[in-house]
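Order of writing sets the chain letters: A, B, C and D. Residues in each chain are counted from 1.
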Amino acid sequence: MTSVTALVCTLTPSPAASSSQLLAEQVLAGFAEKGCETSLFRVVDHDVKPGVQKDMGDGDAWPAIRARVLASEVLLISTPIWMGQMSSVCKRVLERLDAELSEKDDEGRLLTYGKVAGLAVVGNEDGAHAVTAEVFQALNDVGLTQPAAAVTYWHGEAMGSTDYKDLDGVPEKTAGTTKTLVANCLHLADLLAKDPYPPS
Amino acid sequence: MTSVTALVCTLTPSPAASSSQLLAEQVLAGFAEKGCETSLFRVVDHDVKPGVQKDMGDGDAWPAIRARVLASEVLLISTPIWMGQMSSVCKRVLERLDAELSEKDDEGRLLTYGKVAGLAVVGNEDGAHAVTAEVFQALNDVGLTQPAAAVTYWHGEAMGSTDYKDLDGVPEKTAGTTKTLVANCLHLADLLAKDPYPPS
Amino acid sequence: MTSVTALVCTLTPSPAASSSQLLAEQVLAGFAEKGCETSLFRVVDHDVKPGVQKDMGDGDAWPAIRARVLASEVLLISTPIWMGQMSSVCKRVLERLDAELSEKDDEGRLLTYGKVAGLAVVGNEDGAHAVTAEVFQALNDVGLTQPAAAVTYWHGEAMGSTDYKDLDGVPEKTAGTTKTLVANCLHLADLLAKDPYPPS
Amino acid sequence: MTSVTALVCTLTPSPAASSSQLLAEQVLAGFAEKGCETSLFRVVDHDVKPGVQKDMGDGDAWPAIRARVLASEVLLISTPIWMGQMSSVCKRVLERLDAELSEKDDEGRLLTYGKVAGLAVVGNEDGAHAVTAEVFQALNDVGLTQPAAAVTYWHGEAMGSTDYKDLDGVPEKTAGTTKTLVANCLHLADLLAKDPYPPS
């Protein structure tokens, strides 16, 4: 059974409503329909320390999250847009994943090799493409694979102030990109699980 | 009298309608109301050669455009968004401006020092913040100054297909950012014309 | 036999030496060693028109390049860095690929689905990560897949002026990233050729 | 007397050595030589809460930092590069500054209007231009002005591992960009202090 872990990077702690959590849940529902096991961390609820080591010690919540990521075939990042950019929580997640460049299996492969990345981005106004660019670049650096069209997103018109969580239902186009994200991530995760990248 | 030159970076040659030209014209109208002299180049109509020299020789249209830019106190770049990014025409303009790093006055200052930059960005969907980031970084590198809030923009909702030129009138928020852009560019251009940066 | 097409995005026409062409040739040599068929276009030598259609008519050189790209399993983009960003030629290539969003097979899949993307970036100083972010975002948008660690690059120290083509041999780290790029692109291209993404 | 506040965005708490702190101190020394009053916050040492309000309540360290920023004419951001991008601490600072869009003086101007921004960026390898783009875009959004050439930086060769703090002395080119940053920020801060932007 394919396992999918979502890291939700809203700035707002639980239990407040969150657009990026909502979109992540919609994506996970798509994965669950296909028979996947899913889990979700709202990262700001956990004490993830700043740094670029896999364990920053002393109360660091990352090692537990990391264990779940490493046990999954698909990593879904979900982030809000602030000032046209990813959230600081999302940036912290990427920094912690940077530590994976030092972690290899017996054949010299990164532990992240073979995992695929999906992305959900949501904001009042623009930023989705720029956030996609930076998140995928960082995840590609640390060994994850990006399936074709592996991002779903929504944003309002320029200088808009509507939240995704306050829309009447899921916009048709976002529903479409969510469906494609799920299908393509799963397809590629299955292929790479059966047939991993060669040792380098 | 303050002189403003707009470089419109649509991919579409004249005489077709262009959203980025329309927004540039609206900004220039704001400058004209304040008593500025304005001019506009639709860059794709001119044979601007690839390269990073001030004159790429043999039919290169850049030297004439460059002369106008150097004779102006304000440079307005206007670009459409494609795939969340600036147009290739806009990128070419930046590359040609890169040559200014080698051009200095008698006191060792860049010829661009003292000029201020404004920006207009328009697209069906997101990209305005990312385009702003890259255009302003490049212009700052080559010696232009960015006044506070020196960008006006419009984009539609995620995966939208409406063009700015087909809207019913100017959206109120875009009208507001255009007004601020004009006021702040003019204010700073006047200050720097009277009191230039020191030689370095 | 896997086919690899490289689009070299230097600003400099042939026959002048080009760092981005050199790095592309080194990557293609890696593919050839693995038994691939390779071809290379130095895009600036061809009259690729501005626009976002698959054929801009009247002397447009893109349709011939596009035919080669569509006949290949791997697309390698190679670009120089100018002002920390990709070249305008590279941006034009991405814009022309944007047209692929309208082209689908009998089952509704993009013609680009199943193709994988590799990237080579080279500059005097910094920009490789930012260029990777933007190129991969655009290619992912239009249906290409990014294998893990699918980029090779070189740049000098801050404000450096050394060209890659003038180095004494290939830096060891760049040789390493080139090798990984080739291995991972080939592995994934083979998997996707045998087992394509599902129709959406 | 002009006041300059530096926000150092290293991921590493005091008292460990930090390259981004070192570069910030070098820039501040330049300002002090010109007679400025300077202060520095190593942000990670303070409990700056996630969020986009000026005060996130309950132990939030931002209000004290914000007070110092608002009392200064020049804001210097100094950030390390991780994965080609700014640090998560830097991103958090930008998010907190986003609150300034709601804060205006009696004439309707942002409290940040008239302040100028300088930037210091440092990393083992590339990212300085991309970080500059994003930080300046965000600061411009919230009302700060970017003087020409307002950034100083250093990075090593591609995939390098040398830290700025371990270099033998300050590289000549970085010393030069630091000097220009100081001169241009001071010049513009003086002009804007005497002659503020008009109300909008």
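Keep in mind that, in the parts below, a residue touches a chain if its C-beta (ideal position, glycine included) is under 8 Å from a C-beta of that chain, and two chains touch if they have at least 3 such contacts.
Since the model is a prediction, treat every value here as computed from it, not as a measurement.
Engineer: When contacts are scored as defined above, which chain pair ends up with more C-beta pairs, B-D or B-C?
Structural biologist: When B-C is set beside B-D, the one with more contacts is B-D.
Engineer: Quick one: point me to the chain whose Cα centre is farthest from that of subunit C.
Structural biologist: Looking at centroid distances, D is the chain farthest away.
Engineer: Between subunit A and subunit B, what is the separation of their C-alpha centroids in Å?
Structural biologist: Taking the average C-alpha coordinate of subunit A and of subunit B, the gap between them is 36 Å.
Engineer: Just give me the whole-number Å value for how far the CA centre of subunit B lies from that of subunit D.
Structural biologist: Whole-Å distance between the two chain centres: 26.
Engineer: Roughly how far is subunit B from subunit C, centre to centre by C-alpha average, rounded to an integer in Å?
Structural biologist: 29
Engineer: By residue number and range, which residues of subunit C touch two or more other chains?
Structural biologist: 83-85, 129, 132-134, 137, 141
Engineer: State the interface residues of subunit C toward subunit D in the complex, per the touch definition above.
Structural biologist: 83-85, 125-130, 132-133, 153-160, 171, 173-174, 177
Engineer: Going by the contact rule set out above, which residues of subunit A touch subunit D in the complex?
Structural biologist: Going through subunit A, the ones touching subunit D are 11-12, 44, 50-52, 82-89, 91-92, 94-95, 98, 134, 137-138, 141-142.
Engineer: Residues of subunit A touching subunit C in their complex?
Structural biologist: Within the complex, subunit A touches subunit C at residues 110, 112-114, 129, 132-134, 136-137, 140-141, 143-151, 176, 179-180, 183-184, 187-188, 191-192, 195, 197-198, 200.
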